[in-house]
Each structure stands twice: as C-alpha cells, then as structure tokens.
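The following blocks contain the structures, represented as structure tokens.
Each of the next two complexes has chain A plus one more chain, namely chain B in the first and chain C in the second.
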Partner chain A sequence: MALLRKDLLLERRAPESVPAMLLFSLTTFVLFHFGLGRDEVSGTLAAGVLLVTLLFSAILGINRLFVSEHEEGGFDAVLMAPIDRTAFFVAKAAALFVFLVLVEVVALFGFSILLLGPSPWPALPGLAVVLALLDIALAVVGTLVSALAIQTRARDLIVPLIGLPLLVPALIAAARACAPLFEAGGAQAPPGKWLLILGLYDLVFGLLAYAVFEFLLED
Partner chain B sequence: MHGKGLRALSLVTVAALAVTFALVFFYAPNDADQGFIQKIFYLHVPVAIITLIAYVVAGGFAIKHLRTNDRQWDLRAYTTIHIGLIFNIVGLATGAIWAKASWGHWWVWDEPTLVSFLIVFLLFATYQPLRFSIEDPERQARYASVFAIMGAAFVPLNFIAVRAATGYVHPRVLASTGGGLPASMGLVFVVAIVAVGLLFTTIVAYEIASKNASWQLRALRRRLLGDDAVAPLGRSAAPTMGSTLESAR
Partner chain C sequence: MDAAPAIELRGVGRRYGERLALADVSVSVPTGATLVVFGPNGAGKSTLLRLLATLLRPHAGEARVLGEPLPRRDWAVRGRIGLLAHEALLYRDLSARENLRFHARLHKLPERRVEELLDQAELRGRANDPVRTLSRGLLQRVAVCRTVLHEPELLLLDEPRANLDPAASALIEPLIGRASGRTRIVTSHDPAGGLAEADIALGLRGGRTELLAPADEVDTTAIEALYR
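Right after this comes the complex of A and B.
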C-alpha cells in the first residue's frame, strides 16, 4: 500500500507519465482524423481507433514504470526492505492501473468530442467493464514487460517489441467487445464471449506474473 | 563426450523423412478439389504443430531452469526456441503458398491458424533481441526464461482469441469427426508429424551438442594455453557458459 502511495505521490508531485500519455492519445486521435479522412467514426472502426490509441499510450507509461527505481536505486531499497516481492509487483501494477484509468477518463472525453459519431452516454457502463478488464491486462503484462526491459540496454525498444505482440489477444477481445457499444444505430451490450476471453487473459497472466515476478528482481 | 546417440537419432530421422516422402508422393491420394498442391498439407500442418509444441516445451525447460538454476536448461530452452523460430518461418511460408494455391491470396485474415502463427512469430522473434540486450549471462538466462514462460502461456491464449475472432474458412481436417480426412491421408499425416518431430529433435540435439562441445573446447584451451590465449567472449544472444561448465562436467 505504501509502495502504491509512493508511486501515486510521485506522479502527483512531478506529473510525467499521465500527461504524456494523455497528450499522446489526443494527438493520435487527430492523426486518425486526417489519416482516415473521417470526421466521425462508429462501430468497429471506432473501437479500433480508441483501443489502438489507448494501447500505444499505455506503452509510454509502461516504458517509464520502473525508471525512477532504476535511476534512483529504489530497487535496492525495495529488495532490502522486509516486504514481499509480490507486494511490490501488485503495487506497481496498481499504480499503472490507476494511471491508465486517469488517462482513459480524459481520453474518452476527447474521443467522443473529436471523433465518435454516436452519443457516448449509452455505451458508458459497458465500456467501463471492457476498459477495466483491458486495464488489468495492460497493468499486469505491462508491469512484467517493464520489469523485464528495465535492466536491458535497449529498454525503449524492448517494451513495445515484446509488449505489443503479447497484448494482441487482449486487444482482439477488447476491440470486439467494444464494437457493438459504438454502433451507429445505438449501443448494444458487449458480447459475453469476448468479456470471458479478456477475463481469461487477465487470469492467466495474473497468475503467471505472480509466479515469475520475483525472478526479475533477484539480484 | 557430447552428442551421444546423435548418429542413431540422425539415421532414424532420415529414415522417417524418407518414408514420409514416399508415402506422401506415392501412397496418399490426390485431393479431389485441390489436386496435387494439397500435398503441402503434409509439410505445413506438421511443421506448424511441432512449432507450437516446441514453444510450449521451451516454456517447460525455462521453468526447470528457474527451479534448478542449471544453465543447461537455459541452453535447451534457447535452442528449442531458436529452431522453433526457423520452423515457424517455414510454417508461415508454406501456409502462404497453400493459401495462394487454394484461396488465391498469399495472405488470408480469416484463417485463424495462419494469423495466430504470425502473432506468435512476432512475439518469439523478440526473444533473441531481448537476450542480446542483456549483458550479464546469468541475468540474461533468467530473464530469457521468464520470457519463455510467458510465451508458452501466450501460445494457447492467442490461439483461442484469434480463432474466436475469425470465420471458419480453414479446412478443419482434424476437428470434424465425420467426413474429415480419409484413413489413408490420416495415416500419412501422422507419419509426417512424427517425422517432422524427429527432425526438430535432431536439429536441437545437434545444436546443443555443438554448443556444449565448443564451450568445453574453450575451457580446455584456456586450461592448456592460459587465460590470455583465449579471446574473451563477445556479447552474444546465445547462452554462454564459462567456468560453471567445467565444474559441472
């Protein structure tokens, strides 16, 4: 808990990741507007634009997740302190989760103004469920990949290289679940099949992260 | 002594491949729709299956490595993924050729096996860069093992997601209970899987033997000529082993 508070406090005192991720998302929406040549998007296209943007902006946050530990020697402090390594992982993943939710709240607002055709309100409850599940996936896999990459020579290359393919199944499931929410004719409930697959992904990688995370710290 | 039993293994593999080729060309009937090109099925599908099995097995080796801290397991995981990647490329190429022949396009997105195969390839293609970017050999082995375990869990998950997302164009010869593969084709197919599996095992065994032999050679040269005579190891993506091997032997 204290570890999570430290990360959140750090981000509040010297905001770094969240504003960057947010600006990146908004810029990407603008790019999509010109790239696609569309004023409004709906259905599958809207789901794709939104989720790919969020995924890429999450990569920015994942890249920075362990930077303060790495540069200021926080790793040693955490390793020396009498705390469970798993608690360290959970705190980091939770911090990333909070960052993602913050970014999404504002990015979604921007998305519905800039690009989304149909009204976002009826889609909100379903969207909250899908995004929460997706954020768990991003937080868990992101923390693992970030811890994996931080000790390498090419951190900023390794994170997207490994992270993006790993997250493809989560993106497939989230995009398919979101598409009916953005239908031009009115939002429909996200199909349970895709929520299930997303949940399965969260579960498998959650357990896996729990099992292997300590090997990334042991030094 | 490295490479014990390699000769027997190689002979069996060559024999199995020869039998498979003979069966494919002289015994298996030509497909009614696709004709001769369908024979690529006996290469493409076994290669694909063996690749996926290899990635999962490599994950098992990686778990062993983390448990025992024995670098030989890291070497096994590394070699399995290395050869698995090559098989993966062969699988993609043969799949594309088959797709061109039977559906008229080099790439079809509604074919779940091919698509998930591409994604798995993209993931495992980062294994070598990851290793290469970590200098400390011990840490390299540990991190690579974590990656391999993640990859092994990823393979089935990815397959589920991609299959659920695509239509069912792919000829699901094995899943259908009724009018699936005729018995003669099924037999050849099983033989082909065994042969490709043997080929994979043989190549992996050769690479492991070669790596172990060159490490031993290095260690012996060093002992014989002194430390200065042996050039220091450069940065490498492949597992490297120094003094640990000498004591382990």
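Right after this comes the complex of A and C.
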C-alpha cells in the first residue's frame, strides 16, 4: 500500500501520466472523427476505435511507470527495503490500473460526443466489465514490460515493440466483447466467450508476472 | 568491537560488459569497524558499495555480508543495510517528511521515528517542502535521515560529507559517524579526514586492490599515491 500511495501522491503532486494519456486519447478521437470522415461510428468499428486508442494511450503511461524510481534514484532504496518484490509489482500494476480508469472515465465521455453513434448509457455496465478486464491486462503486461524496459537505454522503443504484440490477444478479446455493446440497434450483452478469454489472459499473465518479476529487477 | 566479521570478501570481481569494475578484492571488516575506501574516480568504490548493498551481483569470488552469503541470501540482509549514495534516492516532488514516511512504511516503522530524525537533522523547518527545492546540503541531510531511518547494522556511505558545511557535518555525525557504533564502509577522497575515521584503509585503482592495511599503519602519502 505504501508504494501505491506514493505513486498516486506523485501523480497528484506532479501530474504527468494521466494528463498525457487523456490528451492523447481525446486528440486521437478528433483525428478519427476527421480521418474517417464520419460523425458517428457503431458496432465493431466503434469498439476498434475506442480500444485501440485506449491501448496506445496506455503505452504512454506504461513508458513512465518506473520513471520516478529510475530518474530520481528511488529504485535502489525500494529494492533494498525488506519487502517482497511481488508487492512492488502489485503496487505498480495497481497504480497503472487506477491511471487507466481515470483516463477512461473522461475519454469515454469524449468518445461518445465525438464519435459514438448509439447512446453510451445502455452499454455502460457491460463496458465497465470489459474495460476492467482489459485494464487488468494492460496493467499486468504493462508493468512487466516497463520493468524490463527501464533497465535499457531504448526504453521508449522497448515498451511498444514488446508490449503491443503481447497485448494483441487481449485487444482482440476486448474488441469482440465490446462490439455488441455499441450496436446501432441497441446494446447487447458482451459474449461470455470473449470475457472468459480476457479473464484467462489476465490470469495467465498475472501468474507469469508473479513468476518472473523479481528476475526483471535483478541487475 | 565484535570479532565476527560484518563483511567478508574473497576474490570478489564485477564487470560491466567488457569493462572490469572490480577484480579480486578481498577484505574482512569486523562488526562495528569502519573501512574507508580510497581511490580515484572509476576505481570501483561505488561498485563495491552497490555490491555490498545487494544491488549488484558479484561476478567472481565470494561475498558475505552480515553473515549472509551474497547473492544467494541477499533478501536476508535487505533492511539491515543503509546506503547513502551519490544520488539522494529520494522522490523530488515529495517533501522530506513524505519521503521519510514512505520509507518508514516500507520498513514498518512508526511515524514518530521520522519526526525524531527530522528534529535530529534540524530539518523541521523545511520538512514539508518538496525536496527538489532544497539546497544540496539540505538534500544530503534528508538522504542521511533516509539512510539511518531503519537503524541499519551496516552503513554504506559514498562520500557522505560531500555538499555539507562543517556545522551540517557535525549535525549528522551522531547518525552516520563513528559515534553511531555501526559497521561502516565509507568512500573518501580526503586522505587525512578519511584515515582519521578509519579502522581499515582500502585503496582501489582500476578496480584492483592497491592498498589494504589497518588505518594506523597507513600514512596520507600512501593514499595520495593512489591518485597519481
């Protein structure tokens, strides 16, 4: 909890990740609005535009996840503390999860104004479930990749080059689960199969992260 | 002074890629003693401290810190070591109090320990300012507080008095000086000052041991020779 509190306090004190992710998301929606030449999107296209935008904005947050430790030297002090390094992973992933939720609350509002055809309200409960599962995937994989990348000089390249391919299955599952929620004829329940796949993805990568995170922090 | 060594290194080496940072370093430091490490920039002093702090793995030799072999049981000594490095290891956007409270929570210490140290280092007046606004000297005092917050058995001090005026040096003396009673590994570029607080002197050059002797058997010219 101390690590999570510290990350949230740092972001509140000197906001970096959340404003950048939010601005990126809203700008991308504007670009889609004009690039597609359409005022409204629905169904599969709406799900794709929303989730790809959120995925790319998450990359910004993932890139900066360990920057405070790395640039300010806090990494060494935390690594020397008598704490389970898995707790360090959980705290970082939880911080990223919180940032993603904050961004999505505002970004969804922008998406519904700029692009989404059908009313977003009937879709909200289902969308909350899909986004929660996707955010867990982004937080788990993002934290792993960020911990790997922070040790390298090419941090900004490593995160998208490794993170995006790893997240493709999660994006596919989330987009398939999301599409019925944005149908022009009215929101339908997200297919259980794709929610299950997304949940399994979270579980598998959660266990993988648990197993390897400590090794990523070794010199 | 306890007879059991707090630190025992035998033929320890460490590389960064192709570059040899430490080679065949052997030294034994009794509990409660002070080892002062001299050497020019790039001699391997900071690498030695990071290795003892469990932040780097030795690539050769055997290292035992506080009775535990590294890196096999490094988890057993984390929390028993205090590292005062070149960087303050503090979050710039947090205040001194917030930084220390964060570390107190990591070490499961009561918040009154933070207040005690803020008083001792005479930082109370600036305790709520972000540390990025502090002068180098004040920042070093906060870093000293972070280093000793959890009352470590072993202190690893990389030029601890850099950026401190004489009054500030005197202020932190009870915390990290000989009076603290802890085993200390101190790096220094000051032959006379370093020898004055050393029980054992270690001189490094190019990662290799050039000098290892009880401090009272070493004179400053031997230390100065390391820098030529």
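As a convention for this text, the second predicted complex is superposed on the first by the 218 of 219 C-alpha atoms of A that agree within 3 Å, B and C clash if a C-alpha of one lies under 4 Å from a C-alpha of the other, contacts with A are read in each partner's own complex, and residues count from 1 in each chain.
We adopt the following convention: a contact is a pair of C-beta atoms (placed from the backbone, for glycine too) under 8 Å apart; a residue touches a chain by one contact, two chains touch by 3 or more.
Predicted model only: the values in this text are computed from it and were never measured.
Peer 1: Name the contact category of A:V90: first (chain B only), second (chain C only), both, or neither.
Peer 2: neither
Peer 1: Name the contact category of A:L148: first (chain B only), second (chain C only), both, or neither.
Peer 2: So A:L148 only meets chain B here.
Peer 1: Examine A:A2 and indicate which partner it touches, taking first as chain B and second as chain C; both and neither are also allowed.
Peer 2: Second partner only.
Peer 1: Touch check for A:A58: first (chain B), second (chain C), both, or neither?
Peer 2: Neither chain B nor chain C is touched by A:A58.
Peer 1: One more residue to check, A:R176. First (chain B), second (chain C), both or neither?
Peer 2: So A:R176 only meets chain B here.
Peer 1: Quick one: classify A:M80 as touching chain B (first), chain C (second), both or neither.
Peer 2: A:M80 sits against chain C, while chain B stays out of touch.
Peer 1: So, A:P165: does it touch chain B (first), chain C (second), both, or neither?
Peer 2: In the superposed model, A:P165 contacts chain B only, not chain C.
Peer 1: Which partner reaches more residues of chain A, chain B or chain C?
Peer 2: The partner with more contacted residues on chain A is B.
Peer 1: According to the stated criteria, A:K193 is in contact with first (chain B), second (chain C), both, or neither; which is it?
Peer 2: The first partner, chain B, only.
Peer 1: Just checking: does A:A14 make contact with chain B only, chain C only, both, or neither of them? Give me first, second, both or neither.
Peer 2: second
Peer 1: Could you list which residues of chain A make contact with chain B in one structure and with chain C in the other?
Peer 2: Shared contact residues on chain A: 218-219.
Peer 1: Using the touch rule from the top, collect the residues of chain A that touch chain C in their complex.
Peer 2: Touching chain C from chain A are residues 1-3, 5-6, 9-10, 13-14, 68, 72-74, 76-83, 218-219.
Peer 1: Provide the residue numbers of chain B that touch chain A in the complex, in ascending order.
Peer 2: Residues 66, 119-120, 122-123, 126, 129-130, 133-135, 139, 142-143, 145-147, 149-150, 153-154, 157-158, 160-162, 164-165 of chain B touch chain A in their complex.
Peer 1: In the complex of these two chains, what residues of chain A are touching chain B?
Peer 2: Touch list, chain A to chain B: 144, 148, 151-154, 157-158, 161-162, 164-166, 168-170, 172-173, 176, 193-194, 197, 200-201, 204-205, 208, 211-212, 215-216, 218-219.
Peer 1: Within their complex, state which residues of chain C touch chain A.
Peer 2: Going by the criterion above, the answer is residues 50, 53-57, 75, 78-79, 81, 83, 85, 87-94, 98, 102-103, 105-107, 130, 146.
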